[in-house]
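One chain, subunit A, appears in both complexes that follow, with subunit B as partner in the first and subunit C in the second.
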Partner chain A sequence: MFRYIVRHFNLLVVTLFVLSLFSFSLAYLFPGDPLVNLSGETIQSEQHREVLIEKYRFNESVVLQYTRYIGLLFEGDWGLSKSSGLPLYDEIMHSLPASIELATYALLLSLIIGIPLGFLAGLKHHKATDYSLLAISVMGYSVPVFWMALLMILVFSLQLGWLPLSGRISLLFDVPHTSGFILLDIMLSDIKNKETAIVNALQHMVMPVLSITIVTSAIILRLTRRSVIEVMPKGFIQAAYTRGLSDYQVFMRHGMRNSLLPIIPLLAMQSTTLFTNAMIVEVIYSWPGIGDWLIQAIYQRDFPAIRAGMLAVSALVVLLTVSIDLFAKLIDPTRDKSAHVTI
Partner chain B sequence: MSRFSLYQEEYYPSPLQNTWNEFKQSHIAVLGLWFLTFFIILVLVGPLIAPFDPLTQNIDALLVPPAWEANGGIRNLFGTDALGRDLLSRLIHGCRMTLGISLLLVLVAMLVGVALGAVAGMSRGVRSSILNHLLDSVMAIPTLLIAIIIVAILGVGLVNSMWAIALALIPQFIHNTREFVRQEVKKDYVLAARLDGASKIHLFFYSVLPNMFEMLVVQGTMALSIAILDISALGFLSLGAQAPSPELGVMLSEGLQVAYKSPWSIALPGSAIFIMVLSVNVVGDGLRSALRNRMRH
Partner chain C sequence: MTINSYWHQVIKRTITLVVCAAFLSACQDIAKSSELGTGVIYCSEASPSSFNPQLDTSGTTSDATAHQLYDRLLDFDPETGTIVPGLASSWLISSDGLSYTFQLRKRVAFHQTDYFTPSRFFNADDVMFSINRWRVAEHPYHQVSGGNYPYFTSLGLNDIIKDVKRINGYRVVIELNRPDSSFLANLATDFAVVLSAEYAYQLQQLDIKQRLDKFPVGTGPFKFVSFRKDRFIRYKRHQDYWKHENAPENLIYDITQTSSLRLAKLMTGECDAIAFPAQSEISMIQQRPDLRLDDKPGLNVGFWAFNTSKPPFDNPEVRKALAMSIDKNTLLEAVYFGSAVAAKGILPPSSWAYQDDLSDTNYNPVRAKKLLEENDIPAGFTMNIWAMPVERAYNPNARKMAGLIQNYLKQVDIDANIVSYEWGTFRQRLKQGLHDSVLIGWSADNGDPDNFYRPLLTCSAIESGTNRAMWCSPEYDEYINKALRISDVEGRSEYYHMANKLLKDQMPLFPLAHANRYQAYRTELKGVTINPFGGIRFGDVEKR
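Let's turn to the complex of A and B:
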């Protein structure tokens, strides 16, 4: 088991190394002066340039430049944003939690909806329930997320006026930024009318979370269903029936756990879709997350911001994937190394 | 197949025939295939059918409602947009563009992915393991992020976004090919060919590849639906195809400006994407279950 942890850790370190190398090379790949792409400062004079060259070791070899870059990354000096002039590290730490919050709620809701429905469909295999759930799920993951989000805005905020159009919380509430997670921030803060603030934040959250959930829960439903269908005819389930257990007992004690095991590593592979959808949805609902921030950065050709944002997001996703993979291995040591997606 | 047969001739359907027979059983899958065929015909002969040029503006007919509305006319069956361009023609050209490019991208990604995957699957040792692990982690990076980086390096445009999507599709093909080749190489029929002295290249092309086509077709339909969604998403965010061109995502974001006055200008392109992706997914599902079930008979 120790070997697996070391191997996964190794993989993580190697991948992060490659990602950081890539993000450093982006400074050269992006149009414009590499020095500006790294620092984000507009060079005003020769002295200023000298200072920056000294800071990023630009008079030495590329290898030394890279080590200096890594050093600065760990010190928290990620450069400045070209459009706002603020330190990138602070900006990312402000917007990343908002994205994580959105994606987490969407994932939790999808698990709550997708897994039970998947169980239902799998247990009623080749029956009307199965077919109708399958049909709904195919529709669910064929919907373009951005279109769904627009339709929801049209119906729920413009026609019916039930839900707010965009943003994270009404501007009337002045919630100080502590953790970056809006619900947590409201609870930690000492503003008046905490209940109304929470209700308001939840109202803002409904549509973005729902539009991501539709796709993700459809995928989870299908993964669960396939897994249940494959587990139920196995020998140990038949043996449990032979011992005289009822349908309910067999499923609760044997079927459910064994069909949930293979789903976990597959979930890791779906995190890509989840993040892409979250980023698109953020743009539509003006949710102040990393996706909205990155898209704005590209509209304003803010190359330092894209470089830093890419590193932050990809590091987060890789960290998530590797840890889910390790977790799956820890709870199920018999798992084959080459588990692949079946929907 | 060692059953007693009275008759001299017995009909054994080919694997392809078997798959088709199984596929036909599901009516929904066949319906999906009809829809997909319809869209592919649009890709091939779209410009001949379209009544107007998709870019010609007509100032006398701005925001004409579709023919089924009270104020609509039969001249513009689906109405016109904010610049008086005929929506039906734009939709036909848009389907042609979105689906055509997606098909092309999937084909390119498949060729590159299978080639690299075969190399990774046939080789052993530290080098292949490092390659594989790196690929697995690259697969975890969101498509939109890859697209943003490529667009930032090369600039905004349809061709650049095509590069991005192809790059995002390739790892999936490499991964699946690699796993498949790994499993097949262990089997006896490959061992037999190897004992006959077949080289690695020969082994791959004559023994493994013929068995892989089905996996590739299923994988291809999945990639196709992802590609359609990604191209239109990038068009919608105006990172891919640019404003006047009749791409479905671009049409959607243009329709957004007049969404309140003419809801059909976002309803029509959106449902075109939806039906297209739905038909691809339904066909893919039908194929997958047909391949799974055909061995039973």
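Let's turn to the complex of A and C:
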């Protein structure tokens, strides 16, 4: 077990190292002055340049420059955004929670929808229920997220006028930024009419969350269904039946636990897809998260922002994948490492 | 229809109830949520570059600040265009036209904000400070925030004003070096705002002078709360506004760069009014019963300017040849969708100095090609066309227009590259003269013809960055200066007609169109008027 943890930790460190190296080299790979790409400051005078050279150790070897870069990253000095002139670290810490919030709600909802339906389909294998659920999930799985999002805007916002189509909350509510999670922020804030603010935030959330949920729950449904189909014919289930337990008892006591265990690592792999989908959806719904922010940065050729945003997002994804994988191993040490993915 | 909408209502209620039940216990007042909109949301097209319109001539900046945060000594009546009292309750002009005396309004309060608490009312010191800041190069605030006052320098106002004198706390005299028939109009423009001298003094003591333009204080109907670039600007009602007390509680600028998204937000009610609806969307807005669209012929001109400081564009024949190779009418159809009139000169038809008999440049690619050959422009010559990245009334889609022009130029064997940057960068580089040619335009700040002729093409406007052609002609400057010294309309028009002839001959820029101005808003919003003389005003707007 210890070896397993060390190995994972190793993987994490090496990947993060490569990522940071890559993000550092982006400063050189992007067009323009590497010093500007790193700092995001427009160099106004020779004196200013000197200060920046000193700060980023640009008069020394590339290796030292890199170590300095890492040092600054840990200090929270990620440079400035070229377009807004604000510190990138603050900007990212402002937008990242919004993305995490969106992805979390979508994941929760997908689990609530996907797992029970997956059980149902798996238990009714080769029956009409199974086939129809499978058909629906194929549709949900194959519809592109951005298309679904646009379609929902067209129907629910523009045609029916039920739901707002952009942002997290009406700008009339001035919710101060504390945790970055809008619902939590509303609770913590001392604004008047909190209830209406929450309802308003929920209304804004419905469509973005739903458009991600459709894809993710289809994936979860199929994962669960496959797992149930594999577990149910096994010996210990049959043994339980011979002991005289009812269908319900067999499933609740033996089937569910054992079919859920193998899914957890597979969910970890889906978390990247989930996050990517969230970033796409953000752009469409102008959700002020990291995806929307990165796209803006790309439009405006804000190289420092692209560099820092890429690093933050990829580091988060790596961290998430490795830790879920580790968590799966912890709760099920017998799992063989060649976990197969069949959706 | 009614049955349908009844079911919509039912389903909507059910959904909201389910959502509420799932997440909340205290959800009884759900129906009231729509009534809680205690403010106006305006979807604007870009972030302002500063919160002080003295520093910038861009329409985005004056839309966001000029009439919301500030007042001027004088104002334009948006309906008639006449000059009406603002912070000056009355004024007197001496018989030689050289001295202007302003009686100032009493008991006008400045904004009280988190960062400033005024201890006194508006008085003559504030007027002196606001004018001297851009007028006097040695003023402690002159160099702050770049030290560039494009509107005033392009009009040469710093040379025209001889002195600003304080007679007493509520009386100011401005003395001029020479008579200027457009002086009062200039004081009523978006840019001639009045800042707080007391606030400036406080900042100076703390040595944080640049905050003056980032955390603004004025006397206007709204005060500044917060700003996040490319996201929003938040304003709150100024409780002690001198004019009235019915300004909306909150005013929010939701910065939405895509015009289709602005329209979508207007349809769902997320915006109460939007900036610059695209010409292609006009008919859609007109069809919807919950939206309103006002239009007015605009005081603007869209043009294609050549950088005359760069060869071969320094040759008037080349410029004429390029102008000749473009079919203006197609551009009008494709880009403005017929909501504009072709521009023959730089002055729109609604101006009193408009020259009706001015002839237009005709589309003639064969002659253009010949002219280019005669002037040693080889086939396959490469040039760039800078297309501005934002929509403006005078040019709703510069990139599309650039594409069309590119095709026309191909027919005369010129390869054109289209260049575009983010709006701030774009203007900065334009000012440096890095372009070959640019598609841009001008919206008037007041109804005076001098407001077109001077900032667009005089020599001093190169310095201030509004002369996109980098064109300097002493002859032209003389016409424009002479016109200002005459106060009768006939005499002035004569000089402007002479300038028109010169422009036709030299073609520093090719005028394309005068576009109509549109304002789209929801029917709940009352009191919206199009201000042909500058930025949008929300002080008198009411939401029902």
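Things to note:
Just so it is clear, the second predicted complex is superposed on the first by the 343 of 343 C-alpha atoms of A that agree within 3 Å, B and C clash if a C-alpha of one lies under 4 Å from a C-alpha of the other, contacts with A are read in each partner's own complex, and residues count from 1 in each chain.
The rule we apply is simple: a residue touches a chain if its C-beta (ideal position, glycine included) is under 8 Å from a C-beta of that chain, and two chains touch if they have at least 3 such contacts.
Just so we're clear, the structure is a prediction, and the values are computed from it rather than from any experiment.
Taken together through their common subunit A, the two structures put subunit B and subunit C side by side without a clash.
Looking at the shared chain after the overlay, A:246 reaches neither subunit B nor subunit C. By the touch criterion stated above, A:158 is placed in contact with subunit B and with subunit C alike. Residue contacts after overlaying the shared chain place A:296 against subunit C, while subunit B stays out of touching range.
Legend: residue contacts after superposition of the two complexes on their common chain; A:147 is shown touching subunit B, with no touch to subunit C. For subunit A, the partner with contacts to more residues, out of subunit B and subunit C, is B.
In the overlay built on the shared chain, the residue A:323 is in contact with neither subunit B nor subunit C. After superposing the two complexes on chain A, the closest approach between C-alpha atoms of subunit B and subunit C comes to 5 Å.
In the three-chain superposition model, subunit A touches both subunit B and subunit C at residues 158, 301.
The touching residues of subunit B, counted against subunit A in their complex, run 28, 130, 133-134, 136-137, 139-145, 148-149, 151-153, 155, 175-176, 179, 182-183, 225, 229, 232-233, 236-237, 239, 249, 252, 256, 259-260, 263, 266, 270, 273-274, 277-278, 280-282, 285, 288. Note for the complex: subunit C touches subunit A at residues 8, 12, 15-16, 19-20, 23-24, 26-27, 29-30, 32-33, 36-39, 41, 225-226, 229-232, 234, 250, 252, 254, 256, 261, 264-265, 267-270, 422.
Put simply, subunit A touches subunit C in their complex at residues 83-84, 86, 153, 157-158, 160-167, 170-172, 174, 193, 195-196, 198-200, 202-203, 206, 286, 288, 296, 300-301. For subunit A in complex with subunit B, the residues that touch the partner chain are 11, 14-15, 18, 26, 29-31, 134-135, 138-139, 141-147, 150-151, 154, 158, 268-269, 271-272, 275-276, 279-280, 283, 291, 294-295, 298, 301, 303, 306, 310, 313-314, 317-318, 320-322, 338, 340, 343.
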